[in-house]
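Chain nomenclature is as follows: A, B, C, D and E, assigned in order of appearance, with residue numbering initiated at 1 for each chain independently.
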Amino acid sequence: MIEAIAFESGSVDAYDDLAAAREASGTTWVRATDATVAEFERVAEAFDIHPLTVEDVRRDVRPKTEEFPGYSFTLVKDAELRRGEQTFEEEVDDEPVGVFIGPGWLVTLSTASVAAVEAVWRRVEQEDQRLLTRGADFVACRVIDGLVDEYLDILDQLESQIESIEEAVVTSTDIETLERINAVRRDLLAFRKIAWPTREAVGVLARGDSAFVATETEKYYRDVYDHLVQVVDLTETYRDLTSGARDIYLNTLSQSTNEVMKVLTVVATIFIPLTFVVGVYGMNFGDSQFNMPELGWPMGYPAVMLGMGLVIAIMVVQFRRRGWL
Amino acid sequence: MIEAIAFESGSVDAYDDLAAAREASGTTWVRATDATVAEFERVAEAFDIHPLTVEDVRRDVRPKTEEFPGYSFTLVKDAELRRGEQTFEEEVDDEPVGVFIGPGWLVTLSTASVAAVEAVWRRVEQEDQRLLTRGADFVACRVIDGLVDEYLDILDQLESQIESIEEAVVTSTDIETLERINAVRRDLLAFRKIAWPTREAVGVLARGDSAFVATETEKYYRDVYDHLVQVVDLTETYRDLTSGARDIYLNTLSQSTNEVMKVLTVVATIFIPLTFVVGVYGMNFGDSQFNMPELGWPMGYPAVMLGMGLVIAIMVVQFRRRGWL
Amino acid sequence: MIEAIAFESGSVDAYDDLAAAREASGTTWVRATDATVAEFERVAEAFDIHPLTVEDVRRDVRPKTEEFPGYSFTLVKDAELRRGEQTFEEEVDDEPVGVFIGPGWLVTLSTASVAAVEAVWRRVEQEDQRLLTRGADFVACRVIDGLVDEYLDILDQLESQIESIEEAVVTSTDIETLERINAVRRDLLAFRKIAWPTREAVGVLARGDSAFVATETEKYYRDVYDHLVQVVDLTETYRDLTSGARDIYLNTLSQSTNEVMKVLTVVATIFIPLTFVVGVYGMNFGDSQFNMPELGWPMGYPAVMLGMGLVIAIMVVQFRRRGWL
Amino acid sequence: MIEAIAFESGSVDAYDDLAAAREASGTTWVRATDATVAEFERVAEAFDIHPLTVEDVRRDVRPKTEEFPGYSFTLVKDAELRRGEQTFEEEVDDEPVGVFIGPGWLVTLSTASVAAVEAVWRRVEQEDQRLLTRGADFVACRVIDGLVDEYLDILDQLESQIESIEEAVVTSTDIETLERINAVRRDLLAFRKIAWPTREAVGVLARGDSAFVATETEKYYRDVYDHLVQVVDLTETYRDLTSGARDIYLNTLSQSTNEVMKVLTVVATIFIPLTFVVGVYGMNFGDSQFNMPELGWPMGYPAVMLGMGLVIAIMVVQFRRRGWL
Amino acid sequence: MIEAIAFESGSVDAYDDLAAAREASGTTWVRATDATVAEFERVAEAFDIHPLTVEDVRRDVRPKTEEFPGYSFTLVKDAELRRGEQTFEEEVDDEPVGVFIGPGWLVTLSTASVAAVEAVWRRVEQEDQRLLTRGADFVACRVIDGLVDEYLDILDQLESQIESIEEAVVTSTDIETLERINAVRRDLLAFRKIAWPTREAVGVLARGDSAFVATETEKYYRDVYDHLVQVVDLTETYRDLTSGARDIYLNTLSQSTNEVMKVLTVVATIFIPLTFVVGVYGMNFGDSQFNMPELGWPMGYPAVMLGMGLVIAIMVVQFRRRGWL
């Protein structure tokens, strides 16, 4: 779907008006959402955009800014966390958005419907195109800013997941916990792949390397750039936190094994020797001269039981001292 | 085998026509496949290519682009996954392809038969050499693009292997699983060694640093460059995924040991003390005054059995609470 | 709260005098502490500071130095360790401080009350504004220096925590110890995120890249820069120390498991075979021809007991030799 | 031992002819092998080489290329694997070789006898000094190339060691295997320390930064440089392989512990409960009313045995299902 | 303590002669050892050294070279290994030494007595100040060289410690061994913090970036620089060796646990089933029809013993085959 909106001349819905839209006085914004290949080509033709550039949007390459004669091209990504196959897993899902800034016109292209672009568009419509008077570069900045704000939302979601994981790892040794850690790490990895080059792409616009960004608009791009630096920073910090969580998880598992071993050792160490002792008095040696006369003693049984009780008591004290009990 | 194809003058099969092919009007493409040392030298001589450059193709050095007076030399690699010695193992196998771009001519050299080069050649033949009218640099770009497309295929195969590993590690503690992880890591390592310098080599052509690549062809090279950036990125991501898989694998193993320990501890902790108890009543102390009068009680046996049943019940409850059962 | 102080003209408390304060001869320092949005805007307006710059202070972005026409802007952070939710945990808490150096004036903005800024302000008041004669850049340097000195205090606190952890890990296998290690690591991570960009920001002022820092003041900034280099260095060293502590911790845990296993093995290895032996003589084979004639021997019982005593002695010697006992 | 060889004037053996050798028309090569301090100084004096440069060769510093007025100095290393103290260990042993390229002369200095230098020298002698007509820079390149070829030999040896380790780790948990892995890692570390700076040193000559290397010789240096890039690459790859091998080794050890635990658990879990059961029927409760009437039943014994047989069967099935048997 | 020595004019001991010493013809060296704050200031005043620079020496900042109008300032460190609190621990202890090179004068400042500076001073005295004729930059180089030589001594000591650790880890699982490894790692970390910036500081002098170092002296600095490169290299290598040692240590511990487990498993696996068997024949089933007729058989006892002997033999063979015995 292609829509065009221009200052003064208002909205342009029909396909045929694209060339006219370009020539309109003031700033024109042409937006192609959910666009088909044919629509991509139509827009490219109307604005003299190189076919390969338009294909970059469709082929979903890395975010980047490229300067062409006649326009500046920035590829950014619309990102969101989508529920994955497994209930605890979420995946970073991204859609490319092509932003073309020309003299007096702005073109945004996407193969899907993108909420952040939509929001700016509605704003333009509601304010009677007043936003367009600030120039195509400014509107483009608003669009990119909207997309980057979503990144911070995603990081918030990932942070709350990390916090829930951090609580879980102290007690749980579920394999699912480790899988959750790995899922978050995978998300952060995927996310960094988006945020890192986007930072570079916006940096180009913020540093004034583009002929289509006015000097006074640069500070707004610098603002978006600062956001992206923060996003990249947080990504790194969160990765580090997941490493810490994994260490605690593995340690909890070792602790658990250690705990299990202690119980086994305490029980076995107390009762295996005692079982030997009672086994001795279960032997069938008769009571001839040296053969187990203690069996015949009146106090033999209580003495043995008492002796064994003493052994248990001593051992319990020992284990207590070692912290095994 | 040396073959030459030229716009207008058509195909040149005979060895002697190489010099003529070079002089042909329009663009000439000379291709040496499965070439012997003698053929390499013949081609080098006909196109004034430095012997060392030709030898670089034979010696299979790292991918690179070098600018020489009279031609530009790019060494790229044809890569494929080949079944290794062990059934689960696949190895990255690579063949060097030398691409020489001169004024009005293109030379491709390889010691083996390379499918990607073959495909472009067939295309040229089918289209009556029309492709050649776009220049030697454009045809070279198509050849390199074909090779890089294979890289993405390889990464697809590695990805499906990683996915199958990721499923396996959650349950299996087979040593083979770890070996599979290491095999994939080895492949990614070998693959990165190819992709990384190739990215640099194509970057040289894409940035317009070569006198033999026309400005309008650069964007096609930039396209290939973007592919290679993606390839390198994926390689890194996949390495990271294998690390995650290895962590889960090692953890599954620890889990398994922990599980085994729990079973042992539960069984031993319940039955070792009970065996002691029955051992006590197996002692041969007579029934004199203090000697085990309980043996004579009518309800002695059921009482002991009931007592032991109680102990078992309490312990089971305890273990349940600890999650060991 | 906005306060202004100027050389000669003395302190300016009223809001309305901001423009006058700017025009005052000598150096004026306007300080906004615990400032509201309205106050931020008022200051910005009076000193021609770009709204976005002022918002950077409120939005709490990374430390940085930016040169604007008319003033230089440095964002630094006031950092302190705050007791976290859990008793053993402390968190790095930071507040942004905006430092604006203009020709003849200095503006400091913060959304909270900052002790380091307060201290320099008191000093200026006590010395009858003498400090202001050294220029806005010098006073700014003192403010930043005060903030950086706090960083060294924080590092001192973290160091003493690490030392207490290092003592703990040698003996303790408490999960809390690991959590403490992770808490310190998290603090160092958060702290590095502050110190690193601050170093860059001060570096810009120290290298003479700012038009508002006089050449003779640069050495004082260089001094602060050296401090920051030391801070970053220490952060790295402390991270490495926590890694070492974690290794020892995990090892202590493995040692403990190993110790437990040894006790179990020693006890089980001695008594399980002996229990078998006494079991043999507890069998109810009669004393017919080949059936356990030893039960009838007068010295049978002492012989068996002696034999078992010998076995115990030999085993104890063996275990001693292996260092298991 | 100092030897000189010059085109046309032939070999110069006597010490006194060094100055003459330098002045000889054509290219002169002076080689000092197994040279004493006095010989080093003599050569330095005759060719106006700075004493510190000559000392660099003796003091065995890192490989480097330095340009001096009058000559270019490259320090390279002759490397070989030497059998270490322990049978399985091999150590990287290196000898410095100083290569001085002047106008019309080449000087090579070494404190030991170096095979690669020897080989080129023999070649020069056999070919009646024809090689010398190609210039001192070309001969120097041949010498360096010979040394670098040895590096590839060493890597071949290390690779075959890694392969043998990779086979060993899958089954063996010998501590020696780990020591072998560490020995190879140590070798690779030592080797990288040689190869890395050598690559830089040759890079200087290959990039045409030296006044004493002719432009047409540069390609030969570029060739050596490509070799060195490959050497450094392989070093990294091999390090990675040893990491993989270590992981498998440690895992094999964990597997082994796991295996041992399973056997123990299976045996103990089956027989400890059964021992309890037979213990029950070994108790000496008489056969009064409720006291173990089953002892008197005609089918009591077979019933108990059958019951225990059933328990064993069920457990074996259980363990089979868990993969513990 | 301040001492001055000048070529021709001889030694200057009195405080008042500092200005005169500066003006003396030839090169003057003023050395302040164990200097107080007052002495620092006195020297600074006499030679127009900026107070902050002198304070850098007292505040013990990172090694660095800074160029000032009138002099060049290099801060280096005197390092030594000092016995730490625990017997096996040694700590890197460092003292700052300020080296100021001016036109015709050299000033060295230190808050402690430094052996390396002392040694050069004695040399100057013994040789009747002849060394001073080579210039202040040359003498400074000798001083720095002396300090760097100490670094190599320290590394030698650390190397011998690492070697003793490497021997220990193969057999010992003492926690002390791990602590020793961590102590050496801490030393290397501290040491690298000194060596790294010193390399940069000397690099500045070696590259001719200082106006106070003559071109012909640069090669001596380059020499010191080469030493420092070696020092930094060794530091890295040693760190890697300690990592290897730690791996072996942890593995030795795992091996030990594995060994303990094997012994337990072998003993338990042999005797627990046999104890069951003898328990069977200890049951009190009478010898009615199907009740344990084997108890009455004449060969019953020998048969059971033989059977159990066979079981033991088979198991021992099994364990041998698995390498557990």
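Basically, a residue touches a chain if its C-beta (ideal position, glycine included) is under 8 Å from a C-beta of that chain, and two chains touch if they have at least 3 such contacts.
Just so it is clear, the model here is predicted, and its values are computed rather than measured.
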item: Joint neighbours of subunit E and subunit A, given as chain labels; value: C
item: Superposition rotation for subunit C onto subunit D, Cα-based, multiple of 5°; value: 145
item: Interchain centroid distance [CA atoms averaged], subunit B/subunit E, Å; value: 40
item: For subunit A paired with subunit C, centre-to-centre distance based on mean C-alpha positions, whole Å; value: 25
item: Shared-contact residues (touching 2 or more other chains) in subunit C; value: 254, 257, 261, 264, 268, 272, 275, 279, 282-284, 292
item: Order around the closed ring of chains, commencing at subunit B, then subunit D; value: B, D, E, C, A
item: Subunit D-facing residues of subunit B, complex; value: 50, 52, 56, 61-62, 64, 173, 175, 178-179, 182, 185-186, 189-190, 193, 246, 250, 253-254, 256-257, 260-261, 263-264, 267-268, 270-272, 274-275, 278-279, 281-284, 292, 295-296, 298-302, 304-305
item: Of all residues in subunit A, those that touch subunit C in their complex; value: 170, 219-220, 222-223, 226, 229-230, 233, 237, 240-241, 244, 247-248, 251-252, 254-255, 257-258, 261-262, 264-265, 268-269, 272-273, 275-276, 279-280, 282-286, 288-292, 324
